[in-house]
Structures are given as C-alpha cells and as structure tokens.
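The structures come next, written out as structure tokens.
Heads up, the next two complexes both have subunit A, just with different partners, subunit B and then subunit C.
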Partner chain A sequence: MKKTLIIVFAIAVSAALCGISLAVTPDEVMKKSQAAFLYPGKDFKARVMMKLISKGGQERVREMTMLRKNYGESGGDQKYFIYFFQPADVKDMTFMVYKYPGRDADRWLFVPAISMVRRIAAKDKHSSFVGSDFTYEDVSGRSLAEDTHGIIKEEKTGGKDSYVVKSTPKAGDMDYSYKMSWIDKSTFLPLKEEYYDKRGELYKVFTAIEVKDIKGFPTITKRSMKNLQSGHLTEVSYSRADYGIGIDDSLFSERFLKQPPKKWTE
Partner chain B sequence: MRKFSLVEFSVEHPRLIVALSVLITMLFMTQFPKVRTDTNPKNMLPATSDVRVWNDEVEKTFGLYEDMIALGIVNEKGILNKDTLASIQRITDEVLKIKGVAARDVSSFTTIDNVTAENQTLTVAPLMTKVPEDTLGIEHLRKMLYENPLFINRIISKDGKTTAIYVPLEKGANGKEIADRIKEIVKKEKGDGKYYVAGDPVARDTFGAEMFKLMAIFAPIAGMVMLFVRYLMFRDLFLSITLMMDAMIAIVWSMGLLIGLGFPIHIMSSMAPVFLMAIATDSMHIFNEFYFRYRETKDKKKAIIETMNAVSRPVRNTALATAAGFAVLLFMNIIPVRVFGGLVAFGTIALRLLSFSFIPAMFTFVKDEKIEKIAHAEDIGTDRTSQFLGKLAGIGTHKPAMTVAAGIILVIIAIIGIAKTRVNNNMVEWFKKGSDVRISDTVINQALGGTSLGYIIAIAKEDDYIKTPEAMRYIEGLQRHLEKLPVVGKTTSVVDYVKRINRVLHDDDPKYDVVPETKEMIGQYIFLFSMSAKPSDLDNVVDYPFRRANIWVQLKTWDATAMQNVISAVEGYKRANQTPMEMKPAGTAYFNLVWNHEVLWDMVKGFILALIVVFAILAYDFRSVKWALVGYTPLLFTILIIYGVLGFIGKDFDMPISVLSCLSLGMAVDFAIHFVSRFRQRLTECRGEPLCSPSQAQAGQPQGAALTRDVVTDTLHWTAARPGKGIVRNAVLFAASFAVMMFAPLTPYITVGAFIVSMMLLSAFMTIIYLPALITLMQGWLLKGDKI
Partner chain C sequence: MNKQVTTQGPWTTTKKRYRSNLWSPRRFDLRRPDTTVVNAASYLFFLSCVLLFCTSAYASDISLHGFMQGNYSAGVAASNPQGGDFKLAEERLQLKLDATADPFHLFIKADGWYDHIGQKWGSELREGYIDYTAGKWDARLGRQVITWGVGDLVFINDVFPKDYEAFFSGRPLEYLKKGVDGAKIGLYPGFASFELVAIPLFTPNHFPDSQRFWMFDPLSGNGPGITNRETVKPAATIENTEIALRAYRDIAGFDASLYYYRGFFRQPSMLPDNMTMPTKLTLSYPKLSVYGASLQGKALDGVLSLEAGHYDSRQDRNGTDPMVPNSQTRFLLCYQRQLWEDFTVSFQYYAAYMHDYRPYMKNLPSGFPQERHLHDLVSIRLTQFLMHQTLRLSWFSFWGPSDSDYLLNPEIKYNFSDHVWAALGGMVFGGDKSWSQFGQLDKNDNVYLQVRYEF
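Presenting the complex of A and B:
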C-alpha cells in the first residue's frame, strides 16, 4: 500500500516536471503568434473598412484594399500595397510599404491631386496608421528580438485557453512600458492585448472581435483598438479576405502606385 | 399676561442661555470635518448654462483639454545649446510620468511632430529625438524651428531665449499639485535655465490653496485685532471676549450650516467669516449704551434691560437691513452668489438672536465695580471722543447749506470718476505683482504667444466645406486680422497645417506656403497629414465631417476684455468679408469673459434690488419716507465717492468689487439707522425734560413748547456725541478688522479690506456730518408731521 502511494506520487511529480519542460517557452509562443497573425500565407488581400470613432461618437471612415506579400520566412521582409476608396477626396491615393525586420520601413505615397509620389519617413513605433489608434507597428508588427517575453499565466479568455505573455521593450523609446498579450493556444492569434504606459497605467486595448477560417488560416476579420485615455476607438473589419492569390512583385513599384491595376485593387 | 422678553429671560437665566449657545455651537461644529472647497470658476455657472454646454461640446468635438499648464524655460544666452536642450529632454521625460498629465498630448521639443522635406522625402518625426551632439546638429535644429511657423512663438520665442512645454491635464486633475510637481522636477536642473510655471489651472488652484490659508489665518487675526481694539475701548477683557464669542458663535453656526447642507466653499463664501465678524460689531451699540445707562441707574440688571429697550429697535432694524442686503443675493442667477447671500443673511440673523440673549446673559457675569470703572469714563461732557463728535456734528448744524453744497460738488466729481470705470476681470491679477504666478505669466506672455487661450469656431452649413479653398482663405484672412490685435500673441488653425504640407510636398519651396488651389489637394494634404502626425494635431483644429474648424487664439493677457476685443474683431471681419460660415467664440478665455459678465451684472442687479429693499426697510423702520430719504443720503454719498475714487485711480470694476457693492449697502446703512432712530427717540424723550437741552434751559423758554431750532441742534449734538460714539467705535472696529485683509497675498482680499475700511470710516463720517446738516436744513419739512 505504501509502495503504491510512493509510485503514484513519483509519477505525479515526474508528470508535473515533464509538463513544465514540455511547455513552450514565451519566445516560441510569440514566434508562433507572429507567424499566425502577421505572416499567414504567401500573400494576402482584403477589403479593409476602418472606422475612427472619437470620444464624442464622431466617425471617420477609411476604406481601402490592402495587399501583402511575404519575402522569406515568417519574421522576414514584407511588402504592402494599399489603395484608398474612402474618404472620397482621397480616392485613388495609393500607399506602399517595404517592411524590414528591425528597422523603420520605407513608405511611398501617391498624391493624385498633384500626381506626385513622395517617400515618407516616419517612426513606425509612434506614428499613427492613417490617423487611427493603431501605430504602423501595431499593423505590421515589430521584431520579436526587441522585447523580452515572459509567460505570466495561462487562462481562458473569451472561452479559449490562452497564454498571457508580458512583453517588455528592451529600449526605452516606446510609448508603452510593457504589453500583455492573450495568445490563443490553438490558433496562436492574439485575442487581446493591453498596453501599459510609463506610469504603469493601462491605456490601450486591442481586441480580436471575430476570427474566421480562410483557406485554412485562422484570420482576425474584426478587431478594435481603444485608447482609454483619449477615449478614441478604431474598429477594423476585413471583407473578401483571401490568401495565396499570386501577387506579382511588379505591383510594388512607383509605376503601379500611380496607376494601380484594377485587378488588384477591386 | 406679560409678553415674553428674550432679554429679560436671558438676564434671569444667564447660565442656561450660555450653556445652550455653547451646545448649539458644538452641534454645528460637528459638520466641519465634511468641508469641501471649490475654486473652479467654471462652477460659478451651472453645468447647464449655455456657455458651459457649448464649451463642453467644443472640447468634445475637437478633443481639447479644458486645462493646460505652460512651463516656460528661459536662458538669456539662448536655449539652443547642449545643456539646455538636455534639460528640456529630461524635464519632458519626467513630466510625462506625472499622474494627471495627459502625456499623449504634451508639447515639447521631444514630443511635438515636425514634418520636413529633404530629397523628395517627407520626414515626420518629433522635432528633437535626441540632443544634438555638435554645432552642426544645433544649427540644423535651429533651422527646423524657425522655418516652421507653427513653432514660432509656441515652442520657441523669436529671440531664441525662451521655450515652453505645454502640459495638458486630464479632467479633474489638480493644477496646483501638478504645478508643484513640475517645480520639483525643474529644481533638480542645474545651469543657466530659469523656469516659469503658468496657466489657468495653476492660478485657479493656487488661489484655492491660498484661500484656505487666508480663512485659517486672516479670520482669526481679524478676530484678535477686534478683541484688542475693543479692549482698548472698554478696558474690559471679559466683555471684549464676549463680543468676540458672539461673532465666533455666529460664524460657526453659519459655516456649519453651509457645510452640513453639503455646499462646497467658494471664494465668496470663504470671505463670509470676516464679514460676519464685521457685522457682529454692531453689538457695539449695546455696549456703548449700556455703560451710559449704567452710569445713570447704577443697577446692572435694570441697565441691561433699559439698554436693550433703547437700542433694540435700531439694532433689530440694522440687522434686518443687513440681512436683507445679503438676502437679495438669493435671487441672483449665480449659485455661489446665492449661497454667499444666504450664508451671510443667516449669520446676521444668528448674530442678532445672540445680541438679545447671549450678550445680555454675559453682562450679568461682569462684576459691578468693573462696570463702574468703565462707565465712569463714559460721559459725553468729559469724554474727548464725544466732544469731538459733537463738534463734528456742529459743522453740519452751523453751516448746513455750505456742507450740503460741498457734498454736492463731491458727488459730481465722483460721478465723473464713475464714468471712467472700466469693467474687467483678470484672474492672474488676483495675485500680487511679485508673486510666482504673476511673474511666470508675464515672462511667458512676453516671450511666447500667450498663456490664455480662446477659440473661434467656424461653423459651415454643410459637411466638407472647411476643405474648400474659399473657407481656408477666409480663415487665414481672419487669423491675420486677429493677429493685428495687441492682445493676440498667436493663432493656429487647420490652414497652417495645410500650408505646411503644401510647402513640404513641394520640396520646401516658400512659394507653396499658401492655401492650395483645389478642394482635392486640400483634402489629400489633410489626409497625408493625418497619416503621419499625431491624430490629436488634426482633431484639435477640425471636426470629423469637416464642417467646423477651430481657430486657436492665444492671448497675452487674462483680461476678460481681451476676449471681448477678439470677438469684436471677428465681427468686424465678418462684416467686411462675406462668408456662409458662422463664427462662435469658445474656450477658457471666453468662459472667463462670460462668467465675469454674469457675476458682475448679477451683482449690479443685486445692488439695485438691495437699494430698494434697504430703502423700504428704512421707511418701515422710521415709519416715514422722508426720514428714509434723509437716512439714505450718507449711504449713497459713501458709495458714490468710493466708486468715483475707483474710477479715478483706474481700478477695474471686477468681480470682487461688484460683490462688495452689494454688501456695502446693508452695512453702511446701519449708521444712519442708529443715528436717526436715536435722534428721534431723544427728541421724544426730551419733551418736557429741560435738562435734555442745555440751550433751551439757558434761554428759559417754557417747557413743552414747540420744537425750536435750538432743541433740534442740541439733540443733534447729543446724538452725535452719545450714539455717535457707538457709531464711530463700530466703524473703527470694523475698519480695524478689515484692515488686516490688506496684508493678504491675494488682491481680491486686499480690495475687500481697503474697500470696507474706507467705506466704514467714510460712512461714519458722512453720517455724523451730513445727517445733522440735512436735518437742520430740512427740519421744517421733516418734523412737521412728527408728533413729538
């Protein structure tokens, strides 16, 4: 009887120990999350509807087609091409981004009213993406090596088992002091992110509102970013999302910026 | 059945009365720990008032902050050097960490967005991400600063010696606490930099903190001064303390009631204790008369009751007049004004209640010998004060026509002075010249665009109109027009951003520093701007549907008139230039203009109402309109002369002054009530009393004869000498306690102090000279109907 107890105990202990050693590291979780969130498929296209809602309930709308193509592994280079439908007075405006891991992206903007392409240099970390509550970094991600990650706990969020990862930037030039991410254990998509400012107060919350399976890739088709301090909210929804559509490299050029092919923009 | 007399009851049961008074006082005192203050001038107007609803709407539409602190940094050698720039960076980093600061919208070298163009590239970045290492870097920074008109006079002065960090505050943050925290941060900086913290929240919340100090320090000091002066007058500490307690009890009751009812203490109600203390001096007449009576009767209880019989009517009526003067404020629009009126009216009534109970009760505790000693000195024949007062009245009785003529000339001069009065209010000027708040404000206002902020909202009839070149050009023209005003330091609007983008897109060519030609261009430039800069930059100047634009107008002064000038200039521009847009003012500067105006006119209205009410009370009290008119004269005189002087010395007719005008009425009329009541009483008493009138006795005229000129003159002299002494004592006591306020660090308190001191002394003086003159001159008319 005593023996059996000891055996049971030993099994229990080793199982527990195994459990820990088998558990993924925080870096692995974040790497998988990056791949699932920002790099799924070879390329991607979606009609994006963005609503910018002020504290007082005023709305601004941004409607665009977004095209993305990956170059290399997950975490590597990417190119984005964006064509604007709304607001009405910027129709035909196009925007192109060459994203590199670990340094600021190159961006070009075509201004149809003066028929001119201009390069734009801005800080990914701080700049707002088209006036929304998302920064460029929130849209296209940041290099995993820039933060230290730690799994704080595991819990259910929205009925899904998830890892809660705390990411603290190594350099002090960020607007936030750390970020908490709730990563779905099955899809590795972030279900929620909380940003804490330099005073340690929660100020920005990302929420994945709707996740759909598109061509086998779980995709966040509705999301929001709320700034708790300014009261400003941005809601984003994807329609006609698609993967592996075979975007040519030539699309990402000044020529097509000026004359975007209907085939890709519509 | 005998009528119940509070005085007699009090004299019979003094211990009970005192115990009861103390008990009630303790009850009111239990409310004190619940005290709250509210120094935000916003709350002068209810949240539902038009201006507040509109300002809230504007704040919401444009994502604006109600409160902003400006930290000015000055270096005489120029701020563009490694050390000062490093300081700016360190300070900004620390400021961003302060709780209550809206960190995302702090404007400083390291946080403000700059859009520049180089080699076909638009660069959007904070003006200074790191401190330049060498002269080349510093020169580059200088170039960027001065070629961007959005920065000049905002974060860099034209001479390069001053910069500012603008710190917006979250709703409900305490401006003084944050300002103090900023001061601690800058204290750590060594080097040549000088630092100045300014802005509306600093002034307002510093004022609130000072207000509390003043209540805690000056009210007791005023009380002590009164105690001391009273002691000098009566040489009896016990009675002096009694009078003081009388005031203190009334103050505790009223403040306890105020706090208990849940009202916060505003700047106005904070002055109530001193006012009540002053009003309490009216009980001086009881003391004054008591000693005279005691000398005559030598029986303490009898003297008390007789005294009360003699003075009860004037004391009751002065209380009524004072209470009424304050109670009219209850009918005003502004809540703190109403609260204040109710508070003082309640306190005045409490005081009077005490005068008829607590004071007589306390008298019974005084030893007879002591009273004897003091009473000995109180003889109008030998007392020097009485003699002097008698002579003063003599001026009026002997040369009445001349006296009145001199008075009329004075009044005419005063009216000329009043015509020069300038209505204005300036919260920063509520601080003394040498104070931190004032110096900081002056420094920043001289070097940069200005710390006081107003908005002009351009409202179009349709969405997207603001994006049209015509709207843009109109706004631009209006800005240039407003900038011509000396009070306007800088204006900023969406047009400035559009012009900036236009120029930057065209390789920084100054030719393109203009409004673009088409609506498409403007729309796309704005979009481009919104893609790169902080969202708030654009939100602050234009609404979401592009129907409304917000023009920021930085003013170099907190004068309420400055915003008035801006509004007139806008109207002038609109008349000369047609536009479908409507222009509406908003912002703190506009709010200050509105509430000042409202308080002011509320007070003027109250003043007129008080004039009528006080006149009615006088007429009722004297049972004669004629006597009321006479009694009214010294009061009107005093007020006219004081406001005349204010007009001549160029003191603005501001909020504190307007408040005072109301109060002065209820208080200054007291002397006339005492004088006239006692004069007429004496006249009645004198019928058949030859001793009353020495000249009549000497002339050997038959007793009981009709009133002669001599009787009137003698009675006037007597009134001036005996109750007149009470009047002067009252005035001196009043003046002494208020003189203390002249040493306060805040100008409204100084104003109140100086105003009350001069008013009391002047009205006492006017009463004693002009009432005798008027009564002498008009005795036929006045005494005709009197049944004496």
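Presenting the complex of A and C:
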C-alpha cells in the first residue's frame, strides 16, 4: 500500500514537473507570443501611421487603415485588407493578403489610377513593407515551425519579467542568422527583438514603445524598427485600434478592393 | 494603277493594323474624334452633380486631391514630320474630387494643361461617375476607366479604349487608359461575381498624331497623299450600344474570369472610294465580338497568368473582305517572380492566330506585304526598387519574333519626397520592316521626363 502511494506520488510529481516544464518550453512561449501579438480577437482594425526616418533625418509618411480577420485557430489562416491614405501617389490604393501558415501568401494590389487589380509576386521573407524597415513577415508573422527556439535566460526588460528566446531559422535563406526576443511573461508580447546578421553582428532592433489594453487585449500601439547598419528607422503608431468589430468575409474581395467601403477604411 | 497604292496599298494596312493587340501599324492620319460636344455636356452634367453634392447636407465626406505635372519628350532619332523635336511639352493640373453620401459616391477627375507644341490650352474630363452601392449589387454611371484581363501592356479581353500616343511619347502609364462613357453594374450573388458594362457612346483608340510621329503611310508616300479622309463612328443607337460582360470567381486558388464583348474594333478600317485610284478614304469601325477567359494565381514560386480570347470579326466571318480584319484567336502566357528583395521579373508570350488564312491570302492583292498566320510578341519587365522603395529602376521591352521588331522602355523614377517625384525614361523603337508594328516607329525614339507634385 505504502509502495503504491509512493509510486502514485512519484507519477504525480513527475506529471506536475512535466506540466511545469511544458509551460516554459520555448515553443510554447513563442506560440503564446504569436497568439498575443498577431492573432488577438476575431478581427482587428487600426489606423496605422508609419514614419520612415532616414539617417539624415528626412521623414516620409505612410498612413493606412489595416483590417485583419482570423480564420480558425491562432496560428491559422488570416486575411488582411489595407487601405492607403498617404503619401499622395498611393492614396486610395488597396492591398489584400490571404495569409496561410507555412506557405507564401496570396496578395492583390488595386491601382486606382488605371482601375486595375493585380496579383503581386512578393516573398514574405525578403520584402520590405512599403519601403519601411519592416518586412511582410514582421507585419503578419512567420511560421513558428520555420525556426528552432531556445530559452536563453529570463530577465527584466523595461521593468517587465521576460523570457529571452533565441530563434534560429532552419533554412539558410534568411537575411538574419538568428533573432533574440524578449517576451513579456504576463502578456506574452515581444517587448524587444534583436536581429543578428550572418557575421553574428546585431543589425536590426524591434522595440515595443507603448502597450495599451484594448477590449482586454494588451496591444502594442507604438513600435519601432531600427536598422543599425543603415541608420534608417521606422516608427509605427496605431490609433483607433479595435477588436471584434464584425468584419464581414465579403470585405476581402475584388469588389471591395476596387471600392473600399468608407465604413471600414475611415 | 497608282504605284504607291500598288506596292503598299491600303488593303495591307487594313489587315496589318489588326494583327496585334498592343497597337498595330497605322499608315494613315487619324483625326482626333470630335468629342467637344460630349465633353461640354459631360462637364455640365458633372458640374451640376458637384454642386448638388457640395450643397447637400447629406454629403458626409468630400476630399480634393490632384497633381501638377510637367511632361516633356524629345525625339532623339529625327525631327517630327511637321518639324520640331519635341513630341510632348506640357504642364498639367489634375484635380480629383471625391464625395460620399451613402449609398452614393461621386468621383471626378479632370485635367487642364498648356501644350507648348500646339501652343494652346486644353482640358479633359478623365473620369466622372456616380456610384450606388447596395448589399449584393452596385452600379457606376458616367465616364469611367475599366481594366480587364491579366496582361501587362498586352490586351486581349481589355476591349476598352487606349491612348497609344500617350504611351509612346512618355506619359505616365495611367494615360494609356481612356475612360468609357457608360454604365457598369456589379452583381455579387455569392457563387461568382459579375460585371455588366453598357457603353452607348463609342470611344475609339487614340493613335499617334501624324504631325508628331513618323509612321508608315503608303498613301502619303512621296506626294501629298490622300488628304480627303472621313471618319465614321458608330452612331449612338440602341443596337450599337457596346456590351461587355465579365464573370469571375476563385477556382482552386486561381482567379478565374470569363469575358464577353459585343461592339466594334477600336482601330478603324479604311475604305477607299476607288480601289485603283483612291481620292477619298472612309475610316470606320467594323463590328466585333470577343469571347475570352483568364486565370491568374500562384505557381512555380511566382504568379502565373493565362489569357485567351476569340475575336469574331462579324463583318468578315469568312475572311474574304480585304477591308475588314479577319477573325483571330489570341493567347497570352505571363509569369512573374520576385528574385531578390525589391527585384521582380516578369515574362510574357503573346500570340495572335489568324483564322481563314487561305481566303485572306487569296484575296490579298499581289505585291502587298503579307501578314503571317501567327503573329507573336515576347515581353520582359524588370523592376528594382532601391533606397526604401523611393528609387525605382525599370526595364520593359517588347520583341516580335515574327517581324523582328522591338520596343525598349528603360525608366528611372525617384520620389524626392512624399509629394514630389520625377521619372526619366526612353522609348526606343525599331525593326527590319518599315511597316511592322514597332519598325515603322523607328524614327520616333524619344527621351522623356515626368515631374509631378502630388497633393
């Protein structure tokens, strides 16, 4: 009897230990981070102001409304609809993305000057988003299975307890050799990311500047990406961010790409 | 028999100009269509709409944008036929007015300019329409630009009017497309989407002006040519109303479309009053129907597009009339891929197959340049963005394997700021034959500059 109890106790303890260790596996941290950063809510809308600042201080502005809708679980398919306000030469352009985990997205661009909808061939990994320091992948995410993740340490960043996760791409076709992420233990949002080039030198830094609670979802409303090698900086701020606004599936169509409804773009 | 006509008669012209969808050779002067009356009426109509919208308490949202632009193009191979080296020298103001009062939306795009070559002011309503949007359908009424098909500067099912002079003289690409005066209805029942277009007022293509562009014209040869030319446009009647339909939906991840058009060729056919000694030419637009389809989707690590169309030349179904183009089947294959960051390459192969080739050959008067059974065209486009996408280097070229002719268009564009950009480019034409599509434009090589302040 006593022996049985000991065995049961041992199983329970190991199960508990396993449970604890599962909660802190690097893959689990990154999965939670992906859910908190890229998938919160059923849908999302924000007015996005992007400032592209050159080393010499010249500023260019990209202003757009971004709408996103999730299909299925966190880490699953998503659709994006982006309407541009600024600069003047891209005003009224719209951009639509069907994103699938693990393979390249479908992308359509509407050019109002010639009333033309076109698919565009762009690779997530190597394409700058509207000329900024963010790639498409930085904006809409990267499949977790494409990297190996390891928790290097735990430390405080900006007063927040964080996991420090090293993610190394499995394939060698990336511009960086690895990425270090500081993931907030309570919100699982990335507070800082450092990208190291092939020589192991730090060249790009992501910083979450402001986090706000919107409808119960902690949301990074101000962020920046700095390229240390070129000195170029991109600052992004969200205004009028909102979740669960009931975006209809039909928005993500050629019809509304050509005639973006004010109801959603404003 | 007039020697000029015998060797390079108008009949070949008629056939030849029909062979390509991009632009076919022209050997005659095309008078600009008389759109003054329509323009004036359109202006009045839209002016009243603007006033209505602006004074309406319901107009929830009005915006005004536009640009100022300088556009210059200098010939580098030869002076113009009428003298002077500039194909284009103008300053232009464009205003775009947007007003929304749900479920209505008004859009007006109007240009005003000063042309230094013609030394005159001009204006044009580029677009002007009203939208009505309902749940499962919408409607657009007025002058509007419609772009169909998947080609890049190659048009099969895009049967809407083009301005080739604009393209060849180095205007921004948007000026290649002309608006149509008509109504478009969109239907969205769910299983597919539909666009139905009705165009009661015919708009022809606009071809290069013979005073500014050298072109093959057998009838002006060494002498003054036939200056007595009359253009007859289809009358604005119910039966002449052009109809264009498009049905589209997703099929296995590909964007699939079906097209139908019933209307007219936008390039005129030429009818001489006398076959041997013509003194007068009548230019008219033969009846045309087009049945087509296109597919576009992700494939082979890029974007693959396919398009085809059957051109039913309704006034020459057996191919025996040398005055009217034969029926054709046109086909396009396009592949686009990003090779590295901000660098994209695209390749196109286009072919036009002439039906009833035997009757065509039989009726082709002897000694005339003979069109091939299959006319094809290859294009390459390379685009590299640099400096955070503020600098764009691009290359576009056509090469016609069947006629050994070509068009080259390199361009460099820089955005000085969010409001100011400039583009410097070149148009180079050439080919073995003086009558081929691009070969006849050989002497029109030009360097162009576009500078725009956008607001």
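Simple rule for what comes next: the second predicted complex is superposed on the first by the 243 of 266 C-alpha atoms of A that agree within 3 Å, B and C clash if a C-alpha of one lies under 4 Å from a C-alpha of the other, contacts with A are read in each partner's own complex, and residues count from 1 in each chain.
The working rule: a contact is a pair of C-beta atoms (placed from the backbone, for glycine too) under 8 Å apart; a residue touches a chain by one contact, two chains touch by 3 or more.
Source: prediction; values computed, not measured.
Chemist: In the superposed model on subunit A, is it clash or fit for subunit B and subunit C?
Modeler: Superposition check on subunit A flags a clash between subunit B and subunit C.
Chemist: Who does A:K198 touch here: subunit B (first), subunit C (second), both, or neither?
Modeler: Only subunit B is touched by A:K198; subunit C is not.
Chemist: Would you check which partner chain A:G131 touches, where first means subunit B only, second means subunit C only, and both and neither mean what they say?
Modeler: So A:G131 meets both subunit B and subunit C here.
Chemist: By the touch definition at the top of the document, which applies to A:L109: first (subunit B), second (subunit C), both, or neither?
Modeler: In the superposed model, A:L109 contacts subunit B only, not subunit C.
Chemist: Classify the contacts of A:E28 with the two partner chains as first (subunit B alone), second (subunit C alone), both, or neither.
Modeler: A:E28: touches no partner chain.
Chemist: Output check: A:I120 vs subunit B and subunit C. Expected answer is one of first, second, both, neither. What do you get?
Modeler: The answer is both, since A:I120 touches subunit B and subunit C.
Chemist: Which of the two partners, first being subunit B and second being subunit C, lies in contact with A:D242: first, second, both, or neither?
Modeler: Neither: A:D242 stays clear of subunit B and subunit C.
Chemist: For A:K55, select first, second, both or neither according to whether it touches subunit B, subunit C, the two together, or no partner.
Modeler: In the superposition, A:K55 touches subunit B alone.
Chemist: Looking only at the overlay on chain A, choose which of 366-374, 438-446 or 528-536 in subunit B hits subunit C.
Modeler: That would be 528-536, the one stretch with clashes.
Chemist: For subunit A, what residues appear in both contact lists, the one with subunit B and the one with subunit C?
Modeler: Dual-contact residues (subunit A): 52, 54, 58, 60, 87, 89, 113-114, 116, 119-123, 126-128, 130-132, 232.
Chemist: Which positions of subunit A touch subunit C when the two form their complex?
Modeler: Per the stated touch rule, the residues are 52, 54, 58, 60-61, 86-89, 91, 104, 106, 113-116, 119-123, 126-128, 130-132, 232, 250, 253-255, 259, 261-262, 266.
Chemist: Touching residues of subunit B toward subunit A in the complex: what are they?
Modeler: 60-61, 63, 96-97, 99, 102-104, 120-126, 170, 464, 467, 505, 516, 518-521, 523-525, 527-528, 530-536, 538-539, 543-545
Chemist: Residue numbers of subunit C touching subunit A in their complex, please.
Modeler: 61, 65, 67, 100, 102, 105, 131, 133, 138, 144-147, 172-174, 176-177, 186, 188, 193, 248, 253, 255, 296-298, 301-303, 305, 336-338, 340-342, 344, 346, 385, 388-390, 415, 417-419, 421, 452, 454-455
Chemist: Per the contact definition, I'd like the list of subunit A residues that touch subunit B in the complex.
Modeler: The contact residues of subunit A facing subunit B are 52, 54-56, 58-60, 87, 89-90, 93, 95, 109, 111-114, 116, 118-123, 126-133, 175, 197-199, 227, 229-230, 232.
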